[in-house]
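In order of appearance the chains are A, B, C and D, and numbering begins at 1 in each one.
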Amino acid sequence: MKVGVLTGGGDCPGLNAVIRSVVRKGVQEYGFDFVGVRDGWLGLLQDDVAPLDIPRVRGILPRGGTILGSSRTNPFKHEDGLRRVRRTLAAHGVDALVVIGGEDTLGVATELHRQGVPLVGVPKTIDNDVSGTDYTFGFDTAVGIATEAIDRLHTTAESHMRTLVVEVMGRHSGWIALHAGVAGGANVILVPERPFDIEQVCDQVRSRFKIRYAPIVVVAEGAAPRQGQTVLKDESLDEFGHVRLSGIGEWLAREIQQRTGHDARTTVLGHIQRGGTPSAFDRWLATRFGLHAIDAVRDGDFGVMVSLRGTRIVRVPLADATATKKVVDQPLCDEFGVFFG
Amino acid sequence: MKVGVLTGGGDCPGLNAVIRSVVRKGVQEYGFDFVGVRDGWLGLLQDDVAPLDIPRVRGILPRGGTILGSSRTNPFKHEDGLRRVRRTLAAHGVDALVVIGGEDTLGVATELHRQGVPLVGVPKTIDNDVSGTDYTFGFDTAVGIATEAIDRLHTTAESHMRTLVVEVMGRHSGWIALHAGVAGGANVILVPERPFDIEQVCDQVRSRFKIRYAPIVVVAEGAAPRQGQTVLKDESLDEFGHVRLSGIGEWLAREIQQRTGHDARTTVLGHIQRGGTPSAFDRWLATRFGLHAIDAVRDGDFGVMVSLRGTRIVRVPLADATATKKVVDQPLCDEFGVFFG
Amino acid sequence: MKVGVLTGGGDCPGLNAVIRSVVRKGVQEYGFDFVGVRDGWLGLLQDDVAPLDIPRVRGILPRGGTILGSSRTNPFKHEDGLRRVRRTLAAHGVDALVVIGGEDTLGVATELHRQGVPLVGVPKTIDNDVSGTDYTFGFDTAVGIATEAIDRLHTTAESHMRTLVVEVMGRHSGWIALHAGVAGGANVILVPERPFDIEQVCDQVRSRFKIRYAPIVVVAEGAAPRQGQTVLKDESLDEFGHVRLSGIGEWLAREIQQRTGHDARTTVLGHIQRGGTPSAFDRWLATRFGLHAIDAVRDGDFGVMVSLRGTRIVRVPLADATATKKVVDQPLCDEFGVFFG
Amino acid sequence: MKVGVLTGGGDCPGLNAVIRSVVRKGVQEYGFDFVGVRDGWLGLLQDDVAPLDIPRVRGILPRGGTILGSSRTNPFKHEDGLRRVRRTLAAHGVDALVVIGGEDTLGVATELHRQGVPLVGVPKTIDNDVSGTDYTFGFDTAVGIATEAIDRLHTTAESHMRTLVVEVMGRHSGWIALHAGVAGGANVILVPERPFDIEQVCDQVRSRFKIRYAPIVVVAEGAAPRQGQTVLKDESLDEFGHVRLSGIGEWLAREIQQRTGHDARTTVLGHIQRGGTPSAFDRWLATRFGLHAIDAVRDGDFGVMVSLRGTRIVRVPLADATATKKVVDQPLCDEFGVFFG
């Protein structure tokens, strides 16, 4: 049996750990052959694949990034994309795919599987917003980096008695903000799932200053004030259509400073949250995902995604997993009621 | 309502995070008063308790250790221990206890609850061997430290073409060895739950050298060779009755060196696995345990232990949780078959 | 003898280590008494001082920030500032001051000493731009944090084949940019001391892409393009007069993207460079500075600053040290010629 | 011109950084060709050399170990060793060598240079005991690891009120013990250069317990008690002639426990001090050493070693540098008088 492996979407610590365990178990236990697909779906469109074996995956467990490269290419947005994908798979005799990716990449996988391509999905995103799994790998690493940054900012906040706003990743979900905010001892945590009231935030800030402590505000990049409040406008996208690095965090610091009269500054953590060596938790999870993904391939159990449930790895239908995003829900926020504004 | 908080057993990153969230939520949401009990059960025997309030728990979230101190004292091993515990609780008007500890401390809590003392348990151990919860806090930190150490040892092993044996904590369970071994890319992982065959270990070592890579062997301090094989004897305890720091790891290096003819060295990680700032994962878990423990107190739901199940915190009967240790089972080991000797 | 200790200017890892060693040696070896001055010079203006003893400095060695608080207050900008400073010193019987600060704080110290106030200076700045000393404490920590960030960004740059611009601290000097850029393996390093040619930077970027590697550009916040080239204007200051977090780094990413046609992003490291626990190097240096500063006080050798020369701590006249900033000079840049654009 | 590069002796973070900067500058600025010699002097004895170019040194800056391998082989201990070295150099047309190593490797280099082999030395050792240079690379990384370990042990010591002994590397010199001990806030620091009095150590331990704090004792592996005191004997070497991992540290814990009646434990840091990614300081130093070493080759300035003096890299005669070890001297110890027993 010949198996293709591809990684799609944004950089995420643990991708290499999945590739490594898929290939090691596939070769050693099942005698499979492997090819690596370059740059996600792009490699299948452009017939850019290369053999993948155990020597090739040696030493990659602790390395960030992906040895296969990645892209955000969607084959269904190319005319005859599906045909080209099939042709590449046929040309190399690929019997099954292991697709490692986030919402977009797995959405494509879901559709390809419907069209008859035999594949198994592995969920990947630092944002932790894939349904059907307790956690995705990359998330723990991102939370760890953000928490360490918050730890460092505490001493600056205290020494200068100013508010420090920390903007973390999360356009659509607040998982990183919530976990890093709780772990870092933030005084206010703002997530996309719950529009915030800027005056409530300022009340929290003021009450912190009253006891002579400096507040830390953690905000997900996708968080937004309630309707009717001053809103980011043209600032939110830059001329290339990127969300600006300095969006909501800077707005918050400005508003807090003006409304409370206390100095406020912003730190935007940005890409450092998604690179570098994966945490032990993420290496463990990614390694297990890989081992179970290749088991599913051997079982001919296609159209599934491996996922974490408690301490066990299970298989769930890809279609279910990609139907909705997993968001920070109200009951979980309520747990931390005392910590929020 | 007045609530007492105590921490028992070995040092564990996250203890302070539990204390902090118990007190913050208890005071702010429920208006409870708190006292801290010094040095675990010893403080109840010796009437060593002191008020605990929000200013006292400020800034302790990232700190290792416990502001309350700890001990391994068991009140049931003291004549009239139970009576003295009751007297201390009565003298300070303590209505309920939050008991943060491992197997021994929670075992005492189980018995005290049977005797009518109202209390709620919080599981704590870097060893992760408490039943009834997916994970205990402290474990992720210990695994992270051990994994980072293994990462460092890889380069030494490769540069000198020698076997490096890493002895990690775990007298009765192999959780740290298994997780850190998998995350660190070890070639052999030895756990107390599965007696090993020294010749199989050496075979793994030899096959690694054949491809010109240097092997890393991770061994839990409680792992042991199969019956009939050369065994540690008088070496295993020192004159004070401690398990010697340099037990199984050194024995292994010696055997591997003699049997394979390749140089082998041991590193015993020791206490650095249990101290210092908790990981973000452990701070999150410990904080949630604290929040749920004080909820159980408010509900008058005594005799329970808070525990992690998937992503949710639930309550389980203390008696169930302390009945058996959680061990590394065969199916989980089998998952990683390709990585073991 | 009674000695006052104060810390002025921005947060800097190692301040507490100096305070601790000054007090420990002063009390234990010389039998001095100590007072701590709150919030830099402000505490002397407002008579905000408090006793400082060994129990007060226990456990602060690894902590960022300063237990004394800090400010940027300049007593010479207050009418009768000098008189109020003298009055506070007299009221508390302070015989000498240990002044820990950067360029501004030490500038004030230089003038106060001229006016007859007996004091010893200790240089502090993460920017490393104080003359007369090989290094200042705080710098090594900042460089370490920036280097770790660059390590993380490499994997993202490679996985997505985009330019990553990292903006580090340094308004007037490029020490952090140079050290972290070299240590992080940056492809272009831009410092305030050398205006850059944006087209040369883009040439470097292009040559990196040609060999299919993604470029990392490290830029000090105070770096600027050569005269005549497109310049930051109203963007450079925000409405509060702060230098915007997103100044030169964002401008660079925009220019590089437009000129090379390759995707480019910016990460602004910001305040995480100045907080948190000091590195071992900084703790060592700060501790020694403290020990030598109190020796100078005992010797009655006032108006000096302790400084590092090779591996020795020496005393230099404060007036010399504060006369000019230490900048990244041409010969040092030339050493790294191959790494620059 | 063709230049050979070799690394000898123990693993040390920063070796790859030297190799990288030697090759990059040599190729890009001077147009040199390079060969890498495998496994130190062994590669010259066995004619094991291979071409080395810029693609080969990409991405190695942050990696521990050495891509060239290392050994402790001494060609002068082999009959006709010198002849074989010369033959290998001639066979590959090697015009000059860059030799990266510690005392032993540089001692061989000194002798080879006397015999007419054109070479430049680069000092390397985590022990920092090479004369003629302020610091060697690898040392800062080792001190950082040891300091972080001591930070972690503080919380365990405090929580359990026991003495923790930390044994760090340093058979002949106490640099790591001194720096990490000072940076980690140890209460007693024991170095090979100063035989200690076990009763004085115990006095320090007792005085620490008196104020209810737990002592940390940092001891270099080569430290020893004063003559006449109970001494390690047969314990000090194991059956393979290794110095046992658990020598002086365990002896100390045993003595302290018996003499003071307080619980004491040992942690032996071992090999984790010498592996893994180099600190920013070490990458900076190693990179500069490499750049200056290849400059010396270009200048035909052979028989020298590059060395750090203050902030400058200079050249010193190899013969001077290898004549004596650099030890921790009395004046430096006296600086920290208050911290020692």
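A few remarks follow.
Just so it is clear, contacts are C-beta pairs under 8 Å (C-beta built on N, C-alpha and C of every residue); 3 or more make two chains touch, one makes a residue touch a chain.
Not measured: the values here are computed from a predicted model.
Note on connectivity: the fewest steps through touching chains from subunit B to subunit C is 2. The greatest centre-to-centre gap from subunit B, using C-alpha centroids, is found for C. As a whole-number value, the distance joining the C-alpha centres of subunit B and subunit D reads 34 Å. Chain geometry summary: the mean Cα position of subunit C and that of subunit D are 30 Å apart.
The distance from the centre of subunit A to the centre of subunit D, each centre being the mean of the chain's C-alpha atoms, comes to 40 Å. Annotation for subunit A: residues 148, 151 touch two or more other chains. Pairs of chains in mutual contact: A-B, A-C, B-D, C-D.
Residues of subunit A touching subunit C in their complex: 10-11, 13, 63-66, 69-70, 145, 148-149, 151-156, 158-161, 164, 238-240, 242, 244-246, 250, 254, 257, 265-272, 274-276. If you check the complex, the residues on subunit D that touch subunit C are 24-25, 28-29, 58-59, 61-62, 134-135, 140, 143-144, 146-148, 151, 179-180, 182-185, 213, 277, 279-281, 283-284, 287-288, 291-292, 309-311, 335-338.
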